[in-house]
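What follows is a set of structures for review.
Each of the next two complexes has subunit A plus one other chain: subunit B in the first, subunit C in the second.
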Partner chain A sequence: MLFKTLTKKDFRSLVEIILQSNEVIGPKKSGTNKDGNPIHKFLPVAKFEEIDLGYQTTEFSPKTYFLPYKENLSTYRFENGEWEQDIRYRIQPRAIIGMHACDINALLKLDKVMARDKFPSPYYVSRRRNTFIVGIDHEPAEKCFCQSVGADTVTHGFDLFLTDLGDRYFVAINSDRGFNALAKVDAKLVTEKDSHDYLAVRAKIQNSFKTKVRIDNLPNLLDIEFESDMWKKWGNKCLSCGSCAMVCPTCYCYGVAEHVSMDFTKGQKVKQLHSCNLVDFAEVAGGHNFRPTRSSRLKYRYYHQHRGFVEAYDEPKCVGCNRCGTVCLAGINPPEVIADLQAEGHGP
Partner chain B sequence: MKYLRLEPKRPRIGVFDFTSCEGCELQLANHEETLVPFLKAIEVVNFREVSSYKGEDYDIALIEGCISRDDEVGRIEKIRAQAKVLVAIGSCACFGGVNRLKNAYNLDEANKEVYGDKPKSTAKVRAIKEVVKVDLEIPGCPINKLEVERIVQCLAFEVPFNFPVYPVCVECKQRFTTCMMEKGQLCLGSIAQAGCNAPCPAGGLGCWGCRGPAPDHNFEEFMTLAKQRGFSEKEISERLGFFGGFEGRR
Partner chain C sequence: MNILLHRYDITQEDDFHALPDFNRKATLQHVDKVYKAEITNIIRLTEMEKLFHFRILDPKERDTFSFLPGQFVMLEVPGYGEVPISISGSPTNKGYVELCIRKAGVVTSMLHRAGRGARVGIRGPFGTHFPMGKMKGSDILLIAGGLGLAPLRAPIFHVTENRSDYRNVHIMYGTKDPSQLLFDYQYKQWERIDGVNLSVIVERADDTWKGPVGLITKLMDGMKIVGDETYAIVCGPPVMFKFVCNQLGKMGVPMHRMFVSLERRMHCGMGKCCRCNIGSTYTCVDGPVFDYWSVMNLKEAI
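And now, the complex of A and B:
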């Protein structure tokens, strides 16, 4: 990895340069919750000041800029017995400033699913390639457990990654684009002190995780506890509302529907994100539902995160952001669910 | 106009109002940009908001409003006898709607409160399905015109229409709306049927459940979590009762 440092003033100039020719998305304070804490969202910004890099977490993950909740896959037109199709997946260049390591790791996981060699999704790939990503290190929020799932650091999948050293940023450069962007401002070569300070900040971050989840042997434990009553306990609480999957940075399930214009001359194939917790997720033609109960659906969500994905890609799908646990009105959250599962596993 | 080489039928539609505010009928005449093709896709036989012609040979009857007077019973029975398909549109027709609030009071008192010393005939509010057989219900206060358009398209090709089975939260999250419960407001979205595209939370108001309960909604957990968040049983019950969709559940 190539490193440089950047004064905060120069970072501001860099963002302002990026703003000139890109749509820029950043963590923006969008209100306060019932306890008076700020709520942040990744939203388009027009000025550097709108970006709040001190955010702890965001209510929604930035996944929506890669996998929109709703997306027109193709438009088709009928005329005189003929038809033509129009597919557009080019997007304007975009930059996302201030993504945390967990969210960049989430993109790396999505890459494995959506940008695979055999059947890459052109819609996803075009967004991914046309998005300039500036990541940033941060002290973990109380409920984050990204460290437990190995998602607290990131070595690729971004253009630039910042670590705040007080008066300056320590910048990891991971692409030509990133290198060229830095060349437009006064980035400095790294001194020994810079490296030393960087490692000290990293060590501090590493030691400040409060929430820990043990995931070793989780795939096997999940298999052994397939019939466990703990799934009923948590499943009975589940509202089947899908909020967890909507905010999760790695959930990608979707459905496709046909929207026909009122005059029957045009149609659109519209993709819409779905969730395995929703009641019709496993309903098939003819009406049979393979997962009719809330507990079976909730269980399979955890199975995909911590077993299915591990089997396919040797790593969990979950990046430990705990957004699902935060939005869940019923209080269903991975640290507690997994702890319960492990308690079951230890037997009576 | 053929679609995929299939000729759509032009369903012969009559629209009739009962006890209601006419908001749903107005919705039918709304969404100007597609109003012309909408009115071309159907044959309006009887709909006073768009035509003075009053035909009796409709196949599909769209019913707005609830039954709250005895004379309405005969009228709806006659429409039922004529219509091949009877569709209840709006929360009033589907559940009784806001009008149902009347049922919590003594009828004479309610009559006096509204009409003073000139009382009118009045009865307990009933949803259409409590009086005649209903083939399809399109809930909402008011109905969502875009949804109605899709339903009309299905009627034109005689294919079933599938309402979303998930609760409002899905549409709410997909609009990037901050959860109203997180902001300290009561919201029925997690147990209410989607299809409205969650306009209320997007506008800063918790869901009032005008579309009624979502299939397989988790009522018990909703009550638990709402009480845990400090909402009183009375407040929750009033919210659930507002449009009548949760009748029998509160």
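And now, the complex of A and C:
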């Protein structure tokens, strides 16, 4: 990988140049929570000042720019009893500034499912390749456990990645378009002091994770404790609202529905993100539901994160952002659920 | 100074100029493009089920479409929805797709109201198939309960069209009562084929019924089977194939020589929507056809 450094002033110029002719998304303050702390959201920005790179976390992940909540898969035009199908992919480029390592790692996981496995999705691939990504290092939030799932550092999947060295950024360059963009501003070659400072900042970040979760034995444990009562305990709290999957940077499951326009000239096939905690997730014709209970559905979400995905791709699906734990009104969060499962594994 | 981010137009990729071919799973292509197909014929089977013959209209698309027994398609009624349906016809009947459809909800009812000439969309084929090649030279048991005869009809066609490849063939079929029997007009034909044995059973007889009465496993009582020289395909609801496979096991058929087809909720057919997931297995791409050993090893499979 190539590295350069960039003064903060030059970084600002870079973003402003990109802003001139492209859509830019960044972490934006969008209110305060009940404790008076700012809430951030990845939203379109018009000015550099609107981007708050010091944000801790966002309620929703930037996944929405790759897998939107609702997406039109195809449009049907009806005429004289005939129909024609029309398919469009989103091809407008845009830049996302300020993604954290965990969220970029989440994209790498989505890439495995959506861009590289059987039947690559042109909808996803088109959005992914048209997005210019500038990531940034940060000190972990209190409940974040991305280190435990190996998602705290990222080596590809972005164009540029920044580490804050106080007066300047240490920049990792991972694409030619990232390189070309940097060429428009006064990026400097890396000095020995830069490398030294960079490694010190990285070490500090790596040593500041407070929440730790053990996951190495989960694939096995999830099989062994499949019938465990701990699933009932957590499952009985679950409201089956599906919020956890909505905010999760790697949850991608969906449903497809079609609608006809009021004047019967058009039909639309629309994909909408779903959640395995929603009651109808596994219901089939004849009314049989393969996961009728809340606990079987909640268990399934963990099973997919830490067993199914590991089997398919040798790594967990979860990147440890704890967004699902924060959003859950029932207080269901991965560190506690997994700790319970680990305790169960050790017997009474 | 200006940076205009490069606009990547995916439709300019080479593969987007070719027709989508759903047997080429690794290729980036228009995965939501449907083949336009016309209902050429409708055969009423029972109150609830009809057999539809579809013809893919575009000759090139018709050539591209080829399937193996056990695979399914996603059938779309534009504006109403898309449903997974097993292919019920013969694999040699190229570009013509026979689907036996039960009226179960919005889309399937819409189809039941559609007439000859109506046009629908078809994507596929998807999923795994019965290993007809591996089964050559063995005795074959083809067992179905209820609507299970719909997917079983494809291997029945295959076995009867390639009769000399297989040894003795037993077709066994059971439903709740005689009014639910599917494809009754074909029984005479199957029975007359050399070395094919057909038996049909119902749980509740009516005045007209002259055949055996009971559960499908009753048809297997007293049957002589050489387990290692037999393959079985079992299609039907989970309770049914569980009983049948257990009995076949007792009669000596190894689990890896029994094949079943699983049903799950499906919204894509391509391993993306997760709706068909069983543990870490996708019914749409790793199935719907599984050997019974794999099914026994799937959590929440039956």
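In the analysis below, the second predicted complex is superposed on the first by the 346 of 348 C-alpha atoms of A that agree within 3 Å, B and C clash if a C-alpha of one lies under 4 Å from a C-alpha of the other, contacts with A are read in each partner's own complex, and residues count from 1 in each chain.
The criterion applied here is as follows: a residue touches a chain if its C-beta (ideal position, glycine included) is under 8 Å from a C-beta of that chain, and two chains touch if they have at least 3 such contacts.
Note that the coordinates shown come from a computational prediction; the quantities given were computed from them, not determined experimentally.
J.: Looking at the overlay, does A:N33 come into contact with subunit B only (first), subunit C only (second), both, or neither?
T.: Touch partner of A:N33: subunit B, not subunit C.
J.: When the two structures are overlaid on chain A, which partner does A:F78 contact: first (subunit B), second (subunit C), both, or neither?
T.: Both subunit B and subunit C are touched by A:F78.
J.: Scan A:A312 for contacts with subunit B and subunit C and give back first, second, both or neither.
T.: In the superposition, A:A312 touches subunit C alone.
J.: One more residue to check, A:R168. First (subunit B), second (subunit C), both or neither?
T.: A:R168 contacts neither subunit B nor subunit C.
J.: Which partner does A:G255 contact after superposing on A: first (subunit B), second (subunit C), both, neither?
T.: In the superposition, A:G255 touches subunit C alone.
J.: Comparing subunit C with subunit B, which touches more residues belonging to subunit A?
T.: C
J.: Find the residues of subunit A that appear in the contact set with subunit B and again in the contact set with subunit C.
T.: Looking at subunit A, the two contact sets intersect at 78, 259-260, 267.
J.: Using the touch rule from the top, collect the residues of subunit B that touch subunit A in their complex.
T.: The contact residues of subunit B facing subunit A are 1-5, 8, 34, 37-38, 40-41, 149-150, 153, 165-167, 169-170, 173-176, 178-179, 181-184, 189-191, 215-218, 220-222, 225.
J.: Give every residue of subunit C touching subunit A within the complex, in rising order.
T.: 1-11, 16, 25-34, 36, 76, 78-82, 102, 104-105, 108, 119, 121, 263-265, 267-268, 270-275, 277-280, 285, 299-300
J.: Going by the contact rule set out above, which residues of subunit A touch subunit C in the complex?
T.: Of all residues in subunit A, those touching subunit C are 17-18, 20-22, 73-74, 76, 78, 82-83, 85, 87, 89, 91-95, 113-114, 117-122, 125-126, 129-130, 132, 177, 180-181, 184, 223, 226, 252-260, 266-269, 274, 276, 281-286, 290-291, 296, 300, 303-304, 307-309, 311-312.
J.: In the complex, go through subunit A and note every residue touching subunit B.
T.: Going by the criterion above, the answer is residues 30-31, 33-34, 39, 41, 59-60, 64, 69-70, 78, 81, 236-243, 246-247, 259-265, 267, 272-273, 275, 278-280, 294, 327, 329-331.
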